[in-house]
Amino acid sequence: MTPNVMPKNQRDNLKNRARMLVSCPDQPGIVAAVSRFLYEHGANIVQSDQYTMDPEGGLFFIRIEFDLENLDDRREQLKADFSVVAEQFQMKWSINRASRKKRLAIFVSKEDHALLELLWQWQAGDLEADIAMVISNHNDMRALVESFDIPYHLIPVTAETKAEAERRQLELVLGKVDAVVLARYMQIITPKFIEHFPNRIINIHHSFLPAFVGGKPYAQAYNRGVKIIGATAHYVTEELDGGPIIEQDVQRVSHRDNVDDLKRIGRHIERTVLARAVAWHVEDRVIVHGNKTVVFS
Amino acid sequence: MTPNVMPKNQRDNLKNRARMLVSCPDQPGIVAAVSRFLYEHGANIVQSDQYTMDPEGGLFFIRIEFDLENLDDRREQLKADFSVVAEQFQMKWSINRASRKKRLAIFVSKEDHALLELLWQWQAGDLEADIAMVISNHNDMRALVESFDIPYHLIPVTAETKAEAERRQLELVLGKVDAVVLARYMQIITPKFIEHFPNRIINIHHSFLPAFVGGKPYAQAYNRGVKIIGATAHYVTEELDGGPIIEQDVQRVSHRDNVDDLKRIGRHIERTVLARAVAWHVEDRVIVHGNKTVVFS
Amino acid sequence: MTPNVMPKNQRDNLKNRARMLVSCPDQPGIVAAVSRFLYEHGANIVQSDQYTMDPEGGLFFIRIEFDLENLDDRREQLKADFSVVAEQFQMKWSINRASRKKRLAIFVSKEDHALLELLWQWQAGDLEADIAMVISNHNDMRALVESFDIPYHLIPVTAETKAEAERRQLELVLGKVDAVVLARYMQIITPKFIEHFPNRIINIHHSFLPAFVGGKPYAQAYNRGVKIIGATAHYVTEELDGGPIIEQDVQRVSHRDNVDDLKRIGRHIERTVLARAVAWHVEDRVIVHGNKTVVFS
Amino acid sequence: MTPNVMPKNQRDNLKNRARMLVSCPDQPGIVAAVSRFLYEHGANIVQSDQYTMDPEGGLFFIRIEFDLENLDDRREQLKADFSVVAEQFQMKWSINRASRKKRLAIFVSKEDHALLELLWQWQAGDLEADIAMVISNHNDMRALVESFDIPYHLIPVTAETKAEAERRQLELVLGKVDAVVLARYMQIITPKFIEHFPNRIINIHHSFLPAFVGGKPYAQAYNRGVKIIGATAHYVTEELDGGPIIEQDVQRVSHRDNVDDLKRIGRHIERTVLARAVAWHVEDRVIVHGNKTVVFS
């Protein structure tokens, strides 16, 4: 695979594109206030999605993509101005530039399919992110990753070295990446690590959660005799396999499929689901609310 | 089936709910103008979906659901006021009350599955419409339809009586219904009839259009050896099976399925697809643009 | 709905069609012995499906559809002859005539969708069964069921009357039906009832099992924030929602769907999945092995 | 990507596995004759699928996987013996060893996704084939392919050189490969080339055939406003996009997806569908009959 790959999507036309995410208690006038604010600042709304959890006193979520001339120079002022509107409506909010791609660290163990799909989509220009590094407890995928000119860090993990391994991982990623992707990384992430990346660690679990929490989900699925298997991408929280679900997908299986067949079929679902979840995350399409997600896909 | 069925969804809480559909050339400030207008009239936006065909000078579409106190009394004034905004942006637009359910005429021939699904969903309260009448060129479904307390009109159609039959159909429906649903009505609708209901006649075609236009699509599909069959709900235009597509769905088949199997599997797809398309139409979720639809589902 | 409905599929051409189901320990020569037996008896194999759980000493399953002249007169002799082959290979086996439709009792409570789908498919000739009776703990669906000329038995169930109610149910069904279908019957079936119909009571559970076992699965699904919901048809065993799964299906949902939306979407999945499972059961397509099913669909 | 990749599936346990494909006019006794033949030769049937096009005088198809001790030494004698049975029933038939993997030539132009999926599945041990060579009219994928230690042949094609190019292609593949895979090879294959590989050239067409035959199917789909797009893998015949369909799949799209989005979504379908079709072909799961396929998947 040639190392000097350049994403096909040149992003030039996106240099003035911004994405605003807002959540706040619902009340009349929010959309009017936000859209008037943007209009008066000369922005053009390109795309807007909104969702009200319950018209009567529930929560309001909105995602707006807008174009603004000279976005780079004006964004700090824009944010300062918007904080006035935000305060009035008790908003949690963010405004991100589309041109400023999120940096990812990908954690893997020995299985390559989830990583390969991310690399392939990144190379094809379909994943709007910078893959800053790959970290693994094994050396198996070094050659593959380095052929993409992406740094590969081997950090072995044993029961004794787990704390030290985590210290080294944090040293590598803190301040260097925006999010961590666990692409079939078969180690538990500690609460200490998680608190540095709240709702910014994406894991792929190889079952249709909440069915088959924990280890060996394909063996569990085989033993239960299910007719459909699935995979789940979710944000990592302290509760094992219990964090907010971003995306799930499934595929039909039959009595003819043994555990190895389920794994093979499942690999395809896992890589597809994880890639979709990561794409939505880096495109600012996901808002976490409690233990659930609002996804403006 | 008990005749005095009442839709479960009592709509009481929707008596102040309105739906606005707008399409116009894109330019900055549309959302700001519309949402400010609604805010200043005391309306609360409950749901909003928008789509811009191309940020640079394309077309802009928006669907807004809002609540307004005393909607019934104030809607004429609201429309009058909005026409000023609409003119400024060259909008095509409509504002409909959610509580004013659309009236439908359903046309059938001898196959009952598409009709049955609509009746079932209507009875379950999932279809927000009034079924004003069923018109058929056969008498087969009279007992079924009348058991729902829905008027059934038999209008036989032969080559000689086609013009007269159409005259009687129009007499029944003109001014009485908002839309016509062809639930496997196996007769060609004439341009004259169509012009009375532009983009308001919904047909279910028993193939994945544009594959297998015309007659006997399941036999065509069988002969071509496709591995997936489908159905298509579309607005009727003068071009046979060529109107704007509202919804499609498919199902996997195999070499084991003969033409009768395809028909049986297809019936399930047809009734599902037609019911979805009709639901979207009566909930003002479909905007036709050229020969395509924007569906805010 | 007209009462004098006649299934469209006239079955005349199936009067000589038989279905053989066999399971036994795998060993060389089984297919040869069975097919030679059928050939020597003048039968023509129309369809055959087989599955070996593990080539080395596992279990072997086969389903054969064959045509035999004068099947009605010759089937007792055929069975007697086959028992010799069966003994040699330690087979569990059955031979059923396609023309002898299985008789079903359908149990319902207040929700009509699962029942309606079965009635509709039966009326359309797609369900090869006789619906012998409907039993309910409520009177809501009497008119509907009786309009199909199907007997409707009201047997109320309370904590105090549960034992007596079951006694009355058994009195109605024992010796009268081949299988019991729980079409959203919201009562627990006791072990005593189950032992009369081992692997012949089919339940529809309104979740993608084993996720959301027990009550209010749609509320559970909503609270967990899943992106896909499902339904599961299974044979009833003593373990609640734990019996052999026959069929499952799913549909995508989003954050926009509240619990009522999940129920509405779920109804569509439930009725489809239950109807498929019942069809496979009555067509002798399901073999139960341990807590799993082999489905020759 | 490390070049010394070894398929995970070691095939040792398959060295005695054979696959028999048979098609012939239906008549009683075929299964009996074949299974008796295998039993008497000491073979154990592991898997068997059969299909009769029409019980009364139609065509009969069967695929049998069996294990036979010392298959390598005995297969010539086995074939000689079976030809007697085959003649009696006018069979078209083949017996292939599972351990003898089919050799493929993959043709590509500039798009890499379909090729990458095949390489990835091959590397993962999921594609039971030897990729003997990649032939392209461009040099873009040389580094990628050679990193897998697979020979890469550049054969430019222009209107003037087309005949000469084909001569060179045939020189490379004749006698060297069992099948040719067109993994988005954007050139027409001539009848002369096709006659060397009847039903052994697999193409991926980027539409749900027979919709959108010919060039630019995604633009055609966009203009028609379809709600679902698809891809089709088929054997290449002289009729453009008209050969026997092996596999199809689809994905839902919406008005929000422009032509580029359709292409991006479509790439995912194309690579999945092509990989499935190639896998079935190399595992002897496809029988062509007329312009249709029987797929024992």
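The first chain written gets the first letter, and so on, giving A, B, C and D; residue counts start at 1 in each chain.
By definition in this document, contacts are C-beta pairs under 8 Å (C-beta built on N, C-alpha and C of every residue); 3 or more make two chains touch, one makes a residue touch a chain.
Labels paired with UniProt names: A, B, C, D = Formyltetrahydrofolate deformylase.
Here the structure is a predicted model, which is why all the values come from computation and not from measurement.
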Worksheet item: Among the chains, which one keeps its Cα centre farthest from the Cα centre of chain C?
Response: A
Item to complete: Have a look at where chain A meets chain B and say same if over half of the interface residue numbers show up on both copies, different if under half do.
Response: same
Response to the item:
Chain centres from averaged Cα atoms put chain A and chain D apart, in whole Å, by 36
Worksheet item: In whole angstrom, what separates the CA-based centres of chain A and chain C?
Response: 42
Discussion item. Give me the residue numbers in chain A that touch at least two other chains, ranges are fine.
Written reply: 51
Practice prompt. Would you pull the chain D residues touching chain A in the complex into a rising list?
Written response: 1-2, 112-113, 116, 120, 124, 126, 143-144, 147, 264, 267-268, 272
Item to complete: Write out the stretch or stretches of chain C touching chain A in their complex.
Response: 51, 208-212, 224-228, 230, 244-250, 254-256, 291-295
Worksheet item: Once bound in the complex, which stretches of chain B touch chain A?
Response: 27-33, 35-36, 38-40, 42-52, 55, 67
